[in-house]
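Below are two complexes that have chain A in common, paired first with chain B and then with chain C.
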Partner chain A sequence: MVRLPYTTALTTLFSYGLLFVFGQLRDFFRKLLGWIRKPKDQLKGYAPICLGLEDFYVRRLYLRIQDCFGRPIASAPDSWFDVVERYSNDNNKTLQRSEKTSRCLNLGSYNYLGFAAADEYCTPRVIQSLKEYSASTCSTRVEGGTTKLHVELEELVARFVGKEAAILFGMGYVTNSALIPCLIGKGGLIISDSLNHNSIVNGARGSGATVRVFQHNTPSHLEEVLREQIAEGQPRTHRPWKKIIVIVEGIYSMEGELCKLPEIIAVCKKYKAYTYLDEAHSIGAVGKSGRGVCELLGVDPADVDIMMGTFTKSFGSCGGYIAASKEIIQYLKYSCPAHLYATSMSPPAVQQVISAIKVILGEDGSSRGAQKLARIRENSNFFRSELHKMGFEVLGDNDSPVMPIMLYNPAKIPAFSRECLRQNVAVVTVAFPATPLLLARARICISASHTREDLIKALEVISKVGDLIGVKYFPAEPPKHLNQGHNKLE
Partner chain B sequence: MASEIMNATSNALFWISSAFDAPTRAVVFGVPIDGHLVVEVLLVVVILFQLTRKSYKPPKKPLTEKEIDELCDDWVPEPLTPQITEEMMVEPPTLESAAGPHAIVDGKEVVNFASANYLGLIGNEKVTDSCVGAMEKYGVGSCGPRGFYGTIDVHLDCEARVSKFLGTPDSILYSYGISTIFSVIPAFCKKGDIIVADEGVHWAVQNGLYLSRSTVVYFKHNDMKSLEATLEKVTGRSKNPEKVRRYIVAEAIYQNSGQIAPLDEIVRLKEKYRFRIILDESHSFGVLGNSGRGLAEYCGVPTEKIDIITAGMGNALATDGGLCTGSVGVVNHQRLMSSAYLFTASLPPYLASAAIGALEYLEANPSVLTNLRANIAILLKELSDVSGLATVSHPLSPIFFLKLKKSTGSNKTDMHLLDSITNQVLKEHSVLIATTKRSSLDKCPLPLGLRLFVSASHSESDLIKAAASLKKVAAVVFS
Partner chain C sequence: MGKLYVEAKPSVDLNKNTEWFMYPGVWTTYIAILFVSWLLVLSVFGCTPGAAWTVVNLFHFAVTYHFFHWKKGTPFAEDQGIYNALTWWEQMDNGKQLTRNRKFLTAVPVVLYLIASHTTDYQQPMLILNTLAVFVLVVAKFPNMHKVRIFGINAGN
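Here is the complex of A and B:
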C-alpha cells in the first residue's frame, strides 16, 4: 500500500493547481484569439470533437511532457535496444522522427522470460510455420481459420495451466471485453477489484450486469460486499441475483502486487460466487515452473472457475486464452462473438507460443526454461531489495517482476524519464489517467535476459537520478559495497 | 353499578359546567379570563400536540447477521453456462495448410471459399520474405503498448504508407481487426450524442454503439429514403446543434448481406443535415475502386468528405490488425482516448511489415482487381439459378451472399438447413463454404445465409466446380 507523506501531498496538489491555472490562462487567450479570427466555414454547424474541458488535460498538461511517452524503437525489445531520437520544433506540440538512435537498457518492455528477440529454439520453428501457413488465415475460427496449430496450442495451454480445456483469441483486450458479456447479462452481478484493468471494466460495462467494486485486494471487504448484495438482491426489484462473478487479477500491473488469492477463493466458495482470474502479467513469470499465481500461492486450479491470460508478456507473442472446464469452453466456442466474428490468431504467433511453452516446460530437451524462471526470480528480488536499501519507495510483493517507484510530483515525471534516457537507461513513467492523480510513478519491468551487470548499471543510474530529483522518500541504509553483495548472491 | 356510574358522570358534568361558568378571576391584557377560556385553550393545546405527533410506522430494523447468513445459505446461483446441446458440439474444419484458394482439410484437398483472401496474397513470396526479415530483426511480439516502448519504426512506416495510399493526412494502427471499430466509436461519441446507424451492422459495431452510451437510432438496411427520414426526425428533435455531436455509422460492404452502401447519397445527406460519418471499410479496402482505394474512389467522392474511415486488415491485405484514418485532429484524438490503442500491446511488427508489402503489391499490380471482378462475374452467372437460394449481394462485392428463398421460420432451423448444405458440399465435393453464424449477443435482424469469399487467385475451374456442387446439393436438399 502507498503511504503518501503530507508534505508531498501538499506540494503535488500545489503543482497541479499551478499547472491548472496556467492552462486556464492559455485557454482564455486561445478563446480570445479564436473570437478575433473568423471560424472556418466548413465547420459551421458542427459541434467540435472535444467540447470545453474534455481535452484540457491533454492540451495543457500531457503535451508538455509528450516526449516521455510513445518513444519509438528500431530493434527488438530485448534487454538492450535502440531508441529513436525525436525532436520538436514547436515546443512539444508535434514530434518528428530523426535518423539517429541510441542504445539503451530496456527497463520498460514486458519481456519477463526473454522471448522478445530471436530465440534459438523458437525462431526457426516460427519461420517454418510462416512459410507453411502464411501470416494470416483471413478467416474466423469457425469458418476456415482453425489450423492444426490452433488445436495443438489449445490442448497445450490447458495442460500447462492445469484446466480441462482452453480457447484462444487473437488479442488479450478482446478476450476480456468480448467474453464477460457471454457469461453474464442483465440480472447478474459482477464484483471486481477497484484497480482492475480497462479491458475488464469495458467487458463488465458491455455485459449489462450490475457492477460493484470492492477495495483493492481486501478479502474482508469482498465478504462484506457479497453479504450485503446477496441479502439485498437486485436493485429496486430485490429479486435474487441470477449469478455472481468476482473478477481479480494475478499481478496488478500498476502496483506490482500479487493478489491474495487463497483468501478470496475461500470467500467466493463460501458464498457460491464464481471466480474469474486474469493472469495477464503473472502467467509464465511467477511460480516454480511458471504456471502463474495459482502455483505460487498454492491454490488448486480447479478452484478457480475461469482463468484468463495473455501471451504478450511472458511468451513474446500476441493473443489471449481462456482456460476452464470442458462445458464452459464448448459453450464459449458456440456463442462468444470474438470467436465467431474475429480473424483467428496469426499462425506464426501460435507457433511462437507453442515453442515458448515447450521451452518453459523443458520439453525441448534443454533446461533453459528452468534457468530463465530462476533468473527472473533472482533478478526481481535482487533489484527490489537494492532499491529499498537506497531509500526509494517501491511497491509490490517479493517475486513479482513489476516494480513501481513512486514519484508523486508532476514535474518529477519528465525529469526522471529524460535524465535516465540521457544516461542510456529507458524507463516507463506513468501518470494520470492510468494511475490516480496524486500517485504518479515510474514502473520497472525486470526480464530474465537482464544480466547482473545490466542490473547494477541500472541501479547506479537510478540512484544518481533519484538523488538529483529527490525521490528517495525513505531513509537509505548505509551502502554496502555492491560487488560484495554481487559475490554473496551468486 | 349503573347508578354509581350515573353519579360519577353527573359529578364530572357539574365540575365542568362550574369551571365553564366560573366568574372572571383575572384580567390579562384587557382580556377577561373566564373559566371556559381556560378549557378552550387546553383543548387547542391538546389538538396541536396530536397533530405534531408522527403517524405510527413500524420501525425499520436492519437485517441481523443471522438473517443475512440464512439468505446467503438459501441463495442458489444459476450455472455459469447453460446446458450443452447437440449443436454446440460441432467442431469446425481444421486446416492443415495455408488458407489459400486450395487448402488441405482432414488430409483431402479442398477448394477454399471461406477465407477473405481477396487479392490472393496468402503465400505471396515477397510478403513472406519481408515477414521473415522482420521476425529475425524484431522477434515475434512487440512486448508493450504503444505508449511504453511498443512503438516500433515499422508501425510508423506502415501508418505513413497507409496515409500515402489513401491520400489522407494521417492514420493510426490497431492491433486487432475487430477491436478497431468498437474502440473508435466510444472514443468519439459520448453520452448525449446522437448516432444514426444501419440496422445490418455487424456485432463489433453494435458493441461500440452500446459502449458509447449515446442515443442510437437505426435506419432500414441500406435504404436511403429511410436514412433521410430518420435524419429529418432526429434533427427536428435535437435542440442544440453546436453542443451535440452527430454521427452516421455505416459499413462500405456489409458483412451480413454483401450489399454496398451508396456513399455519394450518404455524403449528400450528411452535408445537408450536418452529421459526421464513420465508415467501416473492412471488406472494401483494397477491393473497390480502380486502384483499390476503397468505396470513396468507387463512388467518386473525395476522401476529405469522409470524417473517419476504419478498416480491418485481416481481409484483402492478408495480415492482421486494424487501421483508422482521417484528419490529423481525428487521429491524434484517438492516440489518447481510444482504449484498444492505449491499454493493449501493439501490433506484432511482422504483421505491420506484411501490410506494407501488401500495399506495395497492390500499387504495383492493379490488374489483380480486374481478375477479382472477373471471378465475381463468373460466379454470379453460374449461381444465378440455384434452387432454394437467392443471391442478395451486390454484383461487385467479393462477399457472395446467398439467402434462403423461403425461411423456415426461426434462425435455429435456418442454421440447421444451411449447415447441412455446407457439410454435404464439403464431404461430397470438397468445396469449403461458410454459413453466417449469429452469436446470442448479436442483434442484427438480417436473414442468415451462405457466404462465398471470392479471391483473385481462384481459377475459373475452381469457381465452376463450386457453383456446380452447390447447385447439385441444393437441388437434393430442397427437392
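Here is the complex of A and C:
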C-alpha cells in the first residue's frame, strides 16, 4: 500500500502521457523517413523479426535513460566498489566504456551478510576447492557432476532450513521456472501473489496449469479466490482441480515487505492447498539465526510444503535450492530437467555456500555469524527510521534489509540515479516493467558490511538529492520546513 | 494548503498495458488534458469556442480511436504476445464488460459531443462531423462489439 500526494499522481500520469506522445511522434517520423528512403537491401517476403510496436517501450522510454541501468563494475561488490564511467556520443542510444572508474558506496548489491567480498573464513576454503575440484564439473548432476561438496551442501541446506532434504540448481531463476512445471501440470491450479517475481510467473505460465492471482499479501482475498476456484472447478469441464499450489515470497524484493505467512498457511491448510515459499531475499538475512521468514514469524517449517531459496543474496555465491520432504526431493531428482540436463553448480561456488552457512550457524568456531545478523538488523532499522524522519516515502517492514524509496515521476528516476552517482553513491533505480508503471522507485539494499559512517554518508547524500529533486513527499516537521523555505527564497 | 494523499493499491491485473488505468488520478488527468487542449486550440487559432470544441472533439476521436480500437497488442515484449490479437479496449479489465472504467470512457465522448454541438449552436458542417465521431466511438465500445472485426478490417496480425 503506497500513499502519494494527489498532485504527484496527476503529474506522473501526465509525464508518461507526454513521453508516450513524443515516442509515437518519433516512431511516426521514422516510419515516414523509412518509407521515403526505402533501403536497398531489404529481405523481401520475410516476416519482420519483431513487430514495430512490441519494443516501443524499450526504444522510446528505456533507451533515453539507459545510462542509469546496467553500469559495469570493476571490483568485488563489497560495501565500496569501483563503478566504470560510461559516456555516450549519440544521446544514450549507445554507451561507450571509458578507462576511468570511480569508487562508490554500494547500496545496490544483494550483499546482506557481507559475503560478497573476500572473507577470512570462506575465501581460503574456496580457493582450496578451486584447486582440488577445478572451476566446473563439466557434467550434469546425474552423469559426473555430483561431487562430495554437492552432497554435503544439500544435507547442510536441509538442516539449516529445517526440512528433510534439499536439491541444488545452478541458477536461482531456473530453480523457479524449471521446477514449477515439474510439480503441477494441466488440470492443476496455481494461485500466486500479484507481485511475485518474474521467475515464478514464467514457471507458472510454462507449467500449463491455470493461474489465478490474489491481491498482494491479503490472506482474506486469498481465501475468497480459493473458495471461488474450488467451487467452480476446472474451466469448462468443472471437474475438481487435480491439485492447488499457492505461491508466495518471503520478502518481496520490490516492496521490502514480509509475507503474512502465518495467516496464509492457516488459509491453505483449511482448504487443503499446497504452499510454495520463495525465500530468495529472506534466507540468511532475517530471523534470529538467519533461517528466514519462518523463524522470524514463528511458523513451523513443516507447515510449508516446499521452500525455495537462492544463494546469490545472503551467501555471496550463485545458484538456488529447493527444500522439502524426502519423497518430493527424490521425485524431483529424477524428473526435473534442471537437474537432469543442466550442468551442476560450480564447486568453488558450492564451497562458498558451505562456508557461509557454517559462519552463520557459528560452526566455524567464532561468533561472526551472529554479529553479522545483529549488524544487518541494526543497520536496516537505523537506515529506515532515518529515511522516515527525513520525509521520504519508504516501503517495507522493520527488520527487512530491502528499502525502496518511492520516486513516481519518470524524470526523477534518472535524476536520482545520476545525481547520487555524481556524489559517489551507487543506487539501483527500478522502473517499469519490474514495478507497476506509475510506481517507480529507488531500491536500497543494506548490508552487514556497511559501517555506521557509510550509512551516515549515504543518508546525507540521499537527503541532499531528495531535496534537489523533490521526493520528500511526507515532510515531517511543517513549521521548520516553512522557515527554511523562506530563507532559501531570500 | 494541506496535501491531499491518495492510496495506490497494487492491482490484480497482470496485463501491464492496462493496469495503469486503475490508479487514482487517471480520470482527472484525462479530463484535465481535454480542457487544457481546448484552451490551447483557442489560443493558437483564435477561433470561436464552439469551433475549438469541435476541433478537440475530432482530434479526440482520431487519437482515441487509433489507440483504443485500432492498435493491437502491448508496447513491450515481456508478455510474449498473448494480447497480440486484442485492442486496448478489449484488454481493459481483463475483458470484463460494463466496469466503472469502461462506463467512464464511454461517457466522455458523449459529453464532449454535447458540449461541442451546444457551443456551435447545432450548425451544419460541424454537427455532422461531431455526430459521426460520437457514433463511431460509442458503437466501438458496446459490449456486443467485443472482439468483433467488421468485414475483417484490422483482423490481421
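Criterion: the second predicted complex is superposed on the first by the 474 of 490 C-alpha atoms of A that agree within 3 Å, B and C clash if a C-alpha of one lies under 4 Å from a C-alpha of the other, contacts with A are read in each partner's own complex, and residues count from 1 in each chain.
We take it that a residue touches a chain if its C-beta (ideal position, glycine included) is under 8 Å from a C-beta of that chain, and two chains touch if they have at least 3 such contacts.
Because the structure is a prediction, the values reported are computed rather than measured.
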Combined model on chain A: chain C and chain B, fit or clash:
fit
Report for A:6: first if it touches chain B alone, second if chain C alone, otherwise both or neither.
second
Geometry of the superposed three-chain model: angle at chain A (Cα centres of chain B and chain C, steps of 10 degrees)
80
According to the stated criteria, A:298 is in contact with first (chain B), second (chain C), both, or neither; which is it?
neither
Touch check for A:58: first (chain B), second (chain C), both, or neither?
both
One more residue to check, A:50. First (chain B), second (chain C), both or neither?
both
Classify the contacts of A:195 with the two partner chains as first (chain B alone), second (chain C alone), both, or neither.
second
Chosen between chain B and chain C, the partner touching more chain A residues is B
Chain B versus chain C as contact partner of A:365, first or second or both or neither
neither
First, second, both or neither for A:349, with chain B first and chain C second:
first
For chain B against chain C after superposition, the smallest C-alpha distance in Å amounts to 5
Chain B and chain C footprints on chain A meet at residues 50-51, 55, 58, 198
Chain A to chain C touching residues, read off their complex:
1-7, 9-10, 12-14, 16-17, 50-51, 53-58, 194-195, 198, 201, 213-216, 432-433, 436-439
Flag every residue of chain A that touches chain B in the complex, lowest number first.
45-47, 49-51, 55, 58, 62, 69-78, 81, 83-84, 97, 106, 108-111, 115-119, 122-123, 126-127, 130-148, 151, 170-174, 177-178, 181-183, 197-199, 202, 205-206, 226-228, 230-231, 240-244, 271-274, 305-306, 310-313, 315-318, 327-328, 330-338, 340-343, 346, 348-349, 352, 426, 428
Contact residues on chain C for chain A in the complex?
3-12, 14, 16, 19-20, 23-26, 28-29, 32-33, 71, 73-78, 81, 84, 157
Using the touch rule from the top, collect the residues of chain B that touch chain A in their complex.
63, 67-68, 71-72, 75-82, 84, 87-89, 92-100, 103, 112, 114-117, 122-123, 127-128, 131-132, 135-144, 146-153, 155-156, 175-179, 182, 188, 202-204, 207, 210-211, 241-246, 274, 276, 312, 314-315, 318-320, 329-330, 333, 335-336, 339-340, 342-345, 347-348, 350-351, 354, 432, 434, 437, 439-442, 451, 453
